[in-house]
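Next come two complexes built around chain A: one with chain B, the other with chain C.
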Partner chain A sequence: MLQVISAIVVRRLLLAVPTLLLLSLVVFFVLRILPADPLGMLLPASATPADAAALRQQLGFDKPIPQQFLIWLWAAINGNLGISLNFRQPVSQLMMAALPATLELSFAGLILALLISIPGGVLAFVLYQRKREAAADLTVALMQSIPSFLWSLLLIAAFGVLWPVLPFSGRAGPEVALPGLTGFALVDLLLTGQFRGLVSVASHLVLPALALALGFAPLVIRVLRSSLIEAAGEPYVEVARLRGLSESRILWRHMLKNAALPTITMIGVQFGFLFGAALLVEMIFGYPGIGNLMVQAVKGNDLPLIQGIALIFCVLMLAITVIIDVLYAVLNPRMRNL
Partner chain B sequence: MSAIELPAAPHSGVDRSSSLCGALRELARQPRVWVGGTILLVAMLLAVFAPWIAPHDPLDQDLLHMLAPPAWAPDGSASYPLGTDGLGRCVLSRAIFGARVALTVAIAAAWGSMLLGSTLALLGGYFGGLVDRLISYVVDLWMSFPPVVLSLILLVGLGTGIDKVVLAVVLVDWTRFCRVVRADVLVTRRRDFVLAAQLIGFSHWRTMLREVLPAVVPLMITLFSIEMGIAIVVEATLSFIGLSVPPQITTWGQMLADARNDMQSAVWVLLTPVACIIVTVLACNLLGDGVRIALDPRLRQRVA
Partner chain C sequence: MTDEFELAASSPRDRRGWRMPDRRQILLGAVSMGLGALAPLRARAEGTDKSTLSIAFPVDVPTWDPNALSIPGIQNLYATVFDSPLRYSPDLTLSARQITEWKWADDKATRLEITLRDDILFHDGSRMTMEDVKFSLSDRAKADKKLVVGGMLNTVSDIEVISPTKAVMQFSRPTPTAPIYLAFLTAYVVPKAYMQQVGPEGFNAKPIGAGPYRMVEHQRGSRITLEAFDKYWGGVPLIKQVIFEIAAEASARVALVESGRAGFASQLPVREVQRLAQKPGLVTKIYPFSEVYMLRIPNYVPPMDNDHVRAAMHLSIDTGALSKAFYAGVAKPLSVMAPDGTPSNVPDFKFAFDKAKAIAELKEAGYGPDKPVSFTLLSTNGVFPNDYDMARAIAQMWKAVGINATIEETTVAKLIDAAQNSKLAGPVVYSWANGTGDPENYAGRIFDPRLRFSAWKDMSLSARIDKLMTEVNEQERIAGYKALNVESSEKSWAIPLLQGITTVAYSAALEPTLFDNGYVLPVEMKYK
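So, the complex of A and B:
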């Protein structure tokens, strides 16, 4: 078992090196064909062309692009992603502060999405079996047409404005001081035993995580439903029925287990979708995560920050692929003997 | 007409036209196709004839009627059927004009990504070997990036404007077509009629365009329709952030951003752009699903 897992991890990591290199290269060149001058905002109105040239030289923007890339790459390998043009802070420091918030939000969103979509997918399948899938199909199609950022606005309108029961701005109330142990607010507050703070953080997490979950759930429902339909035709279902197992036991204990594999694969493939959705959700809820940072960086043409965040997203996606591969190997008995 | 029937060629004219008729009949039987198609048609008509249909200019500010409620509300005014926004602009007119940008981007971006993605898929799937490996590698590389992040980066590089948004969507979403169509081409390439065409001595070019391509067209139509919905969402997202088009062009995303600022005083302003986006995207998804069910024989049996 452990051998299989380590083989997967090693293979994935080896494949990840060229992927990361190529992606950084693509991002670097796209950002250097920029029509707007990123230096515009850094210089005072009274700056002379000589000042601009000096700053350009200081930041290294005067060198040929391939050379700039190699300089950036060498620094990045050594853990230095440059200084943000707008925040005047090291990019890596900004990202490390924001990353746990994004991971916390994405994880909460994923859990909520599963809580919605596992019963939802089973319900859609049961309705399909009873030839009453029209209503379920329409509901799923409708849900699929509402992206997370619209859910965010609708949820804020409903639970923040019309019926103001939940906070919808930031990560915690102003009275809560986040202890910076791991950066994961929920974990930190739990460890330090600050339950008031925990409630504040959790209530700030509800709406953004729900918006994320509602946007992601229909994808999971669809694949779960079709996997269950596929599983229904398998011989083991018939065998279980002949053994006299109840229909609900067959469904929940046997078919769902088999339908889990394609569902997990799909979740892995669509994780990029989840991160993308989190980006907007964070922006709308003023949630201090990496997506919010990205939106600010893009608006301010903050090249080093954009480049760094792009790299972090690639690393996250690769990490997800590894986790999904390992999970697949652990859950799929057919992979165990390889 | 001789008494002896000649065996029909794999894709003779008669055969093709009758299968086309059959396909159209199947399409007409799908309520999803009707509903989705009708909504999209109405939206397109509204977009094309916007200057004649909209009651006001979408940019005209009536500062005496800011945040007016819709006409059916107690103090609503009949001249602003859906009310006005924070600058006193007619919400209905803005929604109608917003459809122009949304549908332009949807159609142009879907065409672009379909052409780019399907061309590469045909080349890779048909020829296989190094070409295929190279194309698949680029697709994998592209997909290891969250699409929204990639389109944001592209827009930083390209600048703003409708054409740039279309280009960004195409450059991000061609992979969606490429991956799915390629899988279909791989299956089709091994079918008997393609082998027959190759044995008769058709050129690769002709086999690819006349034999393989028609077999994957239904899939392409489905993907096209779904891609339109995705492009509408991406455009709304980008203009919501303020990266898509200059402010003198009305978009649904901009309306959302404005409505968000006025949410504390007037929640209903939010509903119109939200409804516009949901209904149009739903129409695209329904149309895509309908086409898929109608033209995929396996699914047809399963649903029937």
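So, the complex of A and C:
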């Protein structure tokens, strides 16, 4: 098993190099040819075109784009992703400060999505071809048609304003000082034994994570339901019945495990959706993650920062692909021989 | 086929006959307990702690180097942490702050004598002197061209330090408006010794100013926590802790103030402010400030070079209707590029909405209902309140006289890029911020064809604007700008639409001071 996992990881890592290079190239060129001035906010109202040209030269934006790319690439290989134009800080430093918050939020969103979608998918399957099937379908369709940013606003209205029981701004209350050991607030507070802080962070996480989860869960519900319907017709289900196993045991122990394979693939493919949705969700909730940083970078046309964030998203997606491949190999014995 | 999977309708009972809670009840119980644990949050949201104020604010501070960027929206925060040499009072009068006196030492406006207070301490306890002023407003700009302060004070050649509290600012050319820039973007004094010791990156991580509040914590994109500075020269601020909750989304700012989690919120949608006005315990204001909404016109795009077409565009816009439709009638219609009460406003001059005259002007240009004039109208969406809606309304007004405008949504970065390359596709719906109210920063910048973002490229205006910028006789300077304002409006080089508005909502327990330049300064707020 370990050999198979190692082979998968090595294969994926080898593929990651050209993928990252290609993505960097595409993002770099697209950002440079967009008709938007990266110096927009860096010059005062009294600046002349000559002032702009001087600054452009100072920042290296006057060089041919391929040359700019090679300079950037060489620096990136050496761990330097450049300096943010607006924040005046190293891009890597900004991203490392924001990334743990986004990962924490995304994983919390994923866990909540699974808590909603696994029982939801099973329920949708149970209701298949029954009276309440239409109601279940309608509910899922309705959930699917509401994007995460709209869920954010609905949740804020419900639990922040009408029934103000949950916070909806920031990562923790102002009274909580985040230790900053790993950057993952929940982990850091747990490690330092600050349980009041932990409650604060957890309560701040509920609404944005739920907004992400509610946008993501319907996809999982649909795939899981379809997979269960398919699995219900498999011979092993009939065999299990003949062996006298209860229907719930067949469902939870056998069918769900087999139906999980396509669901896991879909979750892996769609995990990028969570990151994408986090862009707006973080902005709405004032959550200090990569999404929030990206919105600010795009608003300020901060090319080095946009480039860096695109790169980190790509790395994350590649990492998720590896994890999904490994999980697939663990769950599906046939994959181990490939 | 799936009937078999139906879950048991009743819950099992334990040996004593008690009914065991089913999974649904357990789940609901857990949720209730969780929410119950959060109940104190609700109490906090409803109470008023008079030592703390949360402000729901739309913009974050990209860098704490206040000399670096000239973003209007963050000046509140810079002024709160760094204070400013001079400051505009709520009614836009230039007033003493860190600098107590300023006077010209010559009659050419090239040497400005300034006197600094002798009781200003930075947050690290060190005293502010003229060396810090010279470093911040002159030396830094020369050493690092990326600092915008160099562009804002581009005629400062040196600052001659006479004593710790006396200096002479020297200018490379007559700069009669120099004092206004000591109360404007980027003109903040930073501690020289500390900046040199930690460098810009270290300063950004832990900024030290001399303002009424010191920065305690900054969670980027989320929250800025400030604490009252007990050695502030103006006295300890009444509110001890101020938290800026960064909420870029307007709905989130509305929710923060509506739920009581923020005591003050700014830049809210007009319709939301009208709704919040009905809520007990909240006070709302929609008020005009020193910003101008306008149409900027690139004269290099046909048919914008046609005087009659521009006149028709101008005459056919009912600015009063725009104000009523989108700004609750509070945004005052403008006839010139200067709001009411500012020095270069011309109250006697009115450019009236006249549809019939607009049609006649179009006819003069050879256009009419059978041969409509067509062009692109550029507009941002969400950069200032109802910008895109206003563009749509203007397009409809134009359509009624025979002008077909296709609206193209754009961004500020794209606009700047297009403007500096003289590639604007058509007129632009634009908002012009000017925290000083001085005409140099309205017409003086808007019509200067040499500036990279200028739209109206009439090079013959350069000499006229240069003369105004160096005019030391204040009456003549203002008269010159008034004449420029009237001529530019009559000839429609740009179309002034409305005085900008801003909106706030705050707790009825709070007494804020509202500034005519839109500033929101915690040091000028107190609880009743």
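Simple rule for what comes next: the second predicted complex is superposed on the first by the 325 of 338 C-alpha atoms of A that agree within 3 Å, B and C clash if a C-alpha of one lies under 4 Å from a C-alpha of the other, contacts with A are read in each partner's own complex, and residues count from 1 in each chain.
What we mean here is this: contacts are C-beta pairs under 8 Å (C-beta built on N, C-alpha and C of every residue); 3 or more make two chains touch, one makes a residue touch a chain.
Bear in mind that the values here come from a model prediction, so they are computed numbers and not experimental data.
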| item | value |
| --- | --- |
| Chain A as common anchor, with chain B and chain C clashing or fitting | clash |
| Which of chain B and chain C A:L153 touches, first, second, both or neither | both |
| Partner chain in contact with A:N86 - chain B first, chain C second, else both or neither | second |
| Partner chain in contact with A:R130 - chain B first, chain C second, else both or neither | second |
| Contacts of A:G180 with chain B and chain C, given as first, second, both or neither | neither |
| Chain B versus chain C as contact partner of A:A52, first or second or both or neither | second |
| Which of chain B and chain C A:G60 touches, first, second, both or neither | neither |
| Between chain B and chain C, more extensive residue contact with chain A | C |
| Contacts of A:N301 with chain B and chain C, given as first, second, both or neither | both |
| Clash with chain C (superposed arrangement) - responsible stretch of chain B out of 81-89, 135-143 or 189-197 | 81-89 |
| Shared contact residues on chain A - chain B and chain C | 35-36, 153, 156-157, 161, 283-284, 295, 301 |
| Of chain A, residues touching chain B in the complex | 19, 22-23, 26-27, 30-36, 137, 141-142, 144-147, 149-150, 153-154, 156-157, 161-162, 229, 269, 272-273, 275-277, 279-280, 283-284, 294-295, 298-299, 301, 306, 309-310, 313-314, 317-318, 321 |
| Touch list for chain B against partner chain A, complex | 140-141, 143-149, 152-159, 229, 233, 237, 240-243, 256, 259-260, 263-264, 267, 270, 274, 277-279, 281-282, 285-286, 289, 302 |
| Chain A contact footprint on chain C (complex, rising order) | 1-7, 35, 37-39, 41-42, 45-46, 54, 56, 60, 62-63, 65, 68-71, 145-146, 148, 151-152, 154, 185-186, 200-201, 204, 217, 219-223, 225, 241, 243, 245-249, 251-252, 255-256, 258-261, 411-414, 416-418, 420, 423, 441, 445, 450-453 |
| Interface residues, chain A side, partner chain C - complex | 35-49, 51-52, 54-55, 58-59, 86-89, 94, 97-98, 125-130, 153, 156-157, 160-161, 164-171, 174, 177, 199, 203, 232, 247-248, 251, 282-289, 292-293, 295-296, 300-301 |
